[in-house]
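Right, one structure below, let's go through it.
As written, the chain order gives the labels A, B, C and D, with residue 1 at the start of each chain.
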Amino acid sequence: MINNSINRKLRMGMVGGGKGAFIGEIHRIAANMDGLIELVCGAFSSDPGRSKESGEALFLPEHRVYGSYQEMIAQERQLPEGERMDFVSIVTPNHVHFEPAMMALENGFHVVLDKPMTFDLDEAKQLQQKAAETGLLFLLTHTYSGYPMVRQARKLVRDGALGKIRKVYVEYPQGWLSRSSEQDGNKQASWRTDPAKSGKSGCMGDIGTHALHLAEFISGQRTTHLCAALYTYVAGRKLEDDGNILLRFDGGASGVLIASQVAAGEENALKIRVYGENGGLEWSQQEPNSLLVKWLDQPTQIFRAAAGGMSPEVAAFCRTPGGHPEGYLEAFGNLYKSFAWALGAKLAGKEWQAGEYDFPSVADGVRGMAFLDCVIRSNESDEKWTPFTV
Amino acid sequence: MINNSINRKLRMGMVGGGKGAFIGEIHRIAANMDGLIELVCGAFSSDPGRSKESGEALFLPEHRVYGSYQEMIAQERQLPEGERMDFVSIVTPNHVHFEPAMMALENGFHVVLDKPMTFDLDEAKQLQQKAAETGLLFLLTHTYSGYPMVRQARKLVRDGALGKIRKVYVEYPQGWLSRSSEQDGNKQASWRTDPAKSGKSGCMGDIGTHALHLAEFISGQRTTHLCAALYTYVAGRKLEDDGNILLRFDGGASGVLIASQVAAGEENALKIRVYGENGGLEWSQQEPNSLLVKWLDQPTQIFRAAAGGMSPEVAAFCRTPGGHPEGYLEAFGNLYKSFAWALGAKLAGKEWQAGEYDFPSVADGVRGMAFLDCVIRSNESDEKWTPFTV
Amino acid sequence: MINNSINRKLRMGMVGGGKGAFIGEIHRIAANMDGLIELVCGAFSSDPGRSKESGEALFLPEHRVYGSYQEMIAQERQLPEGERMDFVSIVTPNHVHFEPAMMALENGFHVVLDKPMTFDLDEAKQLQQKAAETGLLFLLTHTYSGYPMVRQARKLVRDGALGKIRKVYVEYPQGWLSRSSEQDGNKQASWRTDPAKSGKSGCMGDIGTHALHLAEFISGQRTTHLCAALYTYVAGRKLEDDGNILLRFDGGASGVLIASQVAAGEENALKIRVYGENGGLEWSQQEPNSLLVKWLDQPTQIFRAAAGGMSPEVAAFCRTPGGHPEGYLEAFGNLYKSFAWALGAKLAGKEWQAGEYDFPSVADGVRGMAFLDCVIRSNESDEKWTPFTV
Amino acid sequence: MINNSINRKLRMGMVGGGKGAFIGEIHRIAANMDGLIELVCGAFSSDPGRSKESGEALFLPEHRVYGSYQEMIAQERQLPEGERMDFVSIVTPNHVHFEPAMMALENGFHVVLDKPMTFDLDEAKQLQQKAAETGLLFLLTHTYSGYPMVRQARKLVRDGALGKIRKVYVEYPQGWLSRSSEQDGNKQASWRTDPAKSGKSGCMGDIGTHALHLAEFISGQRTTHLCAALYTYVAGRKLEDDGNILLRFDGGASGVLIASQVAAGEENALKIRVYGENGGLEWSQQEPNSLLVKWLDQPTQIFRAAAGGMSPEVAAFCRTPGGHPEGYLEAFGNLYKSFAWALGAKLAGKEWQAGEYDFPSVADGVRGMAFLDCVIRSNESDEKWTPFTV
């Protein structure tokens, strides 16, 4: 029950996410969860019939279900202020990120966009510039930074509890692309392994960018150099499905980033460990309500969501008391919630204190695209270290 | 995107759950999660001002925020069919369960009610009878049966994978009442330890009923006799805050039920183990996406939510692919979702296949109240075994 | 490298433990581990040929391998003091505990004896009296008290870290008797399920006594009343293979003891949890190098063997640095080591400080037999509580 | 009770391992554990007084405690065959590996040697040649390959259960050198961080070699190229205390090797994961009795030591039934046991079937030294990949 400053739900339009899509439904649940946002319109598919069918299943009035995002943005703009959507949530494959996002910004709509932000780095920079020009809000859904224990981890590092950070190990093994599912009609596999839809990276674009964001989010250090070795294990696949990367950070830390979609038997085993002079942190996405804090000469502590020892500003992102597990959808919901608070404040013309609407944005998206560029360059190079520049 | 048969969201009214309440917000998130239900009205507090303030924070129109549940039920009944609430969700302390539920049924509203169902067994039986007479739907929120892995456990037992069931160990240790928080202004502690609001049982009513329901839900056997030893560890407390119970079941199994609210350091550590001739099951609420299945002569298996090995009818209750953890709110949401499917079908005049709208109902509530009666009798008795009758 | 006061290895004779036996080999490894004890003679089987064969495989000289324990005790007594065994280790089934132990004591030999101490309580009391009369040392191998983390748990309770103890949950589920293995030639199963060899209890004698000892060892409280429900799940079996017991303790704690040998799929899953006013402990035998210490308002701590936070007097029972796991054999070895230290000191005529040779002894054995008596009586009674007296 | 072919214990002499040493005591316990080996002599320290004191504490006769390994080897050679040591176990720092090992081989004694095998690669090759010439047995104590679940892992890979191996992740984080303990009188830290005693590598020599051995032992593939980044985090330290390495294998797999001694809060957290086309393996040294086997479309299995599903030839290396945890000392003991079986057979002039005396030997030691050479070269190079040649 947090006042969002404008005394009404924020109105969301959606691009993509029709029947059979995975991430669109996730976005809807996340946006819906806290009662701060309502879905008011959508262009759910490039196939108008499919879009219509999806809108119907979502109980939308027929005239707010559009045949294309172009139509949606144009039409919504014509609606009275009290009715038209406030922001657009874009949940299409990578190659359909840039254009709807740019068009939304140009037409005064705030934007929620999935990662990786765009098809290539140049598009990302254009979006960044446009967002800066327009002053519109932009949420890039690096979901994992929405987990309370990830935020607690970041806070412990920021507060200096671990001392100077020396090591960052981040890994993201999945197994679902261990076979050539893209040839068996798996729609998720299909576009993710297609360079025309995904861009020049497969595994690293899909999950490596999350790993990098998490590493920098928690450690508070930024990658300066990397050394990448990418692999394509499934015959006939055009994009890498696996990769190992050495990292060096600006604060003196070093590390490793592992991402794989052929680690057969793994689900979504994102995990990060960060070590400083006095101790280390360990967090696993699959058991997200625990954060192990290891100390040099004292017993390891298990920090738990909404339980004793947690910082109050982080605990505010827990919806339930300790022991009532929250998960991926709630983490996703935290991003939408922060976005809703910020947007509500903005629409009400109020100041909003930095830190309270802590969500990844357009700069994180540019950084992710620069990471992919750097990884591809490094992989093709015989040099050990490739500088990471944005 | 599941059609709910009537092509609109179901309309929910809420009794209780104003600012500062715990379980009301949980119910709203759960009901909201899947986009099948919308909150349209409420009597959020017995204090009309507080109710109004809560309704405002929830963006409800002023005229749908009522000063009492009596007013709400009476007024809503006057509204046109296309506008008035379809069902009422009652999230008040135990002593305010029976009256609003009975009044709702009498006025043609379906009911969602928190456990334990009523203040005493007699009230529970009256509700059961009224529900039967009216044919209205009744959801009793034994949340834990909404977890996919709990349903998978039940399915494995039903399918005979474990052979005849011999042992059921269920435990529910919490630590949050280890001190006399009820005297320090903790509202949750206050009513739960007050016999005038909770009824004749404390710990067993609050969490023991969940444990019993889970044990019977998974094992498919029903308790026939029990032997209870209740304790009150915190000085001055009027209701038991802890108890150990031996169980005997109608299918020949025996077991133990442990519940405690003074197990200092525990959060909400509900756990169940069920053993049959061929193997056993183990599920822990705090890591709810895993189900251990232990075999007599083969390696233990870890069944995981939305992953390989899961029964399709259970997997339908997962919103995300394997490795994207779901938790308590999603389990709660599953109860509301099943209820919404059943209610949508009913309102559309359609048949609904048994099993698909699998949710605990009024008979489970009566059983829980009978359990509390039996536990209290057993505790006061010198006889080892007290028969469990409803 | 700890001086054992007498500058030589202690000389052990063994009764039982020939080829095919389980626990005899365990005793030999445990006794051998720290280089303080050497096996010098044995009567390994009631079958003289088998005994001889076993002695040969153990590299013993022919004349120190005896055809019976009677012969061994008699002959060894005749040997010169510098050659004859110092103590006897008795590793036979329960019905062959009392006689060799009594004969050893009568002939001046110290005794190591497996649990349960004897066939019945009366025998146990006779041994206790004889041990007191002779002043000979007596080690009863309640192995689990030899684990460093069990000792750390005890120390934390003794030091008052948890406050007054309220709850003790101890459980010992095994699955290996889930089928009638005793009829398939399994020697271990065979004598354990035979009342002529095991005594009047099966599961409780074999593993329930361990659970009780552990509960009292760590909690520092003694059982005063119990309520037992025993079961025999495998058809045709003459002794119980499962049981659930409610406990009350002299310090005001209450608890539950679960033991089962038909918990199919479990190995040797002894686990104990103890809760006080401020926090709780949890230790699992299958992951014995960790001790969870849970606090009311602070993060749970993981105490680890030989790592930071451990009491020095307990750390002395770790042979390796933190992270080099020790297990069951090392715990067993700790009992033999403490016994060797105490016996070395005694033989050297030195004082030995209490607490340093912390090992279970004849009084623990009597207590275990009294527990079995009480459990059997309670199981047959309709009264809820049976007083536990020794 | 396994006949070692020669009907007597094998006689061990020890070089190093006096009072205050860590690994010497480990070797003695491991050698002693199964009753197949007895310590008969030693040169426990380069300080003759200290050596003598140590020998006394170990109950050795004065004349078998030597002031130097040179003296020991020379004197023992003079003893009658039925009395003199059979083999020497060398447990000194790295710079005192080569000379005693070479001298032992030259004098007809079999050798047990700690890793890394020598001070540099050249010494290692000399030992390899000498061992080949003499036909003497050589055990290099890569302890972790002695764990039953590691052997089970290897067997599953060899049997093709996982399909073609694609990924190998091995990590060995420790935290004990997070501060400059070498300057605070920590003897273990002191020689390990001193290039004059350790050789040219610190962390990689001490633990990286173990990680590499384990990776190749389980995966059955051999490293062909690596890319190393070494770091020294503690100021003033002369050898690296941390490193990240990318790996490529001859069977087409790729991987990562992480080793650190500044991962503050970690104990000895060696862990390996191996993924093939059909599934993956995960084994953690700190919980060594479980082996996770993950499958692409089926539930993960937990293989457990001495429990159902284990290969009989691996189960032979378990001393206790399932659920009785074994650890580091037992793994170490398995190497000594295999060595004792092989040596007993050799001394008895018998054939011994390959595979049964599975223990790491001189070739593994050479490989480890070549690894260190390659790592150092790679670290100093700007080239991404350095070929790994022996």
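Simple rule for what comes next: contacts are C-beta pairs under 8 Å (C-beta built on N, C-alpha and C of every residue); 3 or more make two chains touch, one makes a residue touch a chain.
Protein names from UniProt, one per chain: A, B, C, D = Predicted dehydrogenase.
The model shown is predicted, which means the values in this text are computed figures rather than measured ones.
Asks: So if I look at the partners of chain C and the partners of chain D, which chains show up in both lists?
Replies: Touches both chain C and chain D: A, B.
Asks: If we define chain centres by averaging CA atoms, which chain lands farthest from chain D? Would you check?
Replies: Farthest chain from chain D, going by C-alpha centroids: B.
Asks: Taking each chain's centre as its mean C-alpha position, how far apart are chain A and chain C in Å?
Replies: Centre separation, chain A to chain C: 55 Å.
Asks: Counting in whole Å, what is the centre-to-centre distance of chain B and chain C, each centre being its mean C-alpha position?
Replies: So the centroids are 44 Å from each other.
Asks: How big is the gap, in whole Å, between where the Cα atoms of chain A centre and where those of chain B centre?
Replies: So the centre of chain A lies 34 Å away from the centre of chain B.
Asks: Chain A: which residues touch two or more other chains?
Replies: 266, 293, 295-296, 300, 304, 307
Asks: Could you list, by residue number, the parts of chain B that touch chain D in their complex?
Replies: Per the touch definition, chain B meets chain D at residues 293, 295-304, 307-309.
Asks: Spell out the residues on chain A that touch chain D in their complex, using ranges where they run on.
Replies: Result: residues 162-163, 166-167, 169, 171, 173, 175, 178-179, 227, 229, 231, 233, 242, 244, 246, 248, 254-256, 258, 260, 262-266, 273, 275-280, 293-296, 300, 381-385 of chain A touch chain D.
Asks: What residues on chain B touch chain A, complex-wise?
Replies: On the chain B side, the touching residues are 1-3, 7-9, 19, 22, 25-26, 28-29, 32-35, 39, 54, 56-59, 174, 176, 266-269, 285-289, 304, 307, 319-330.
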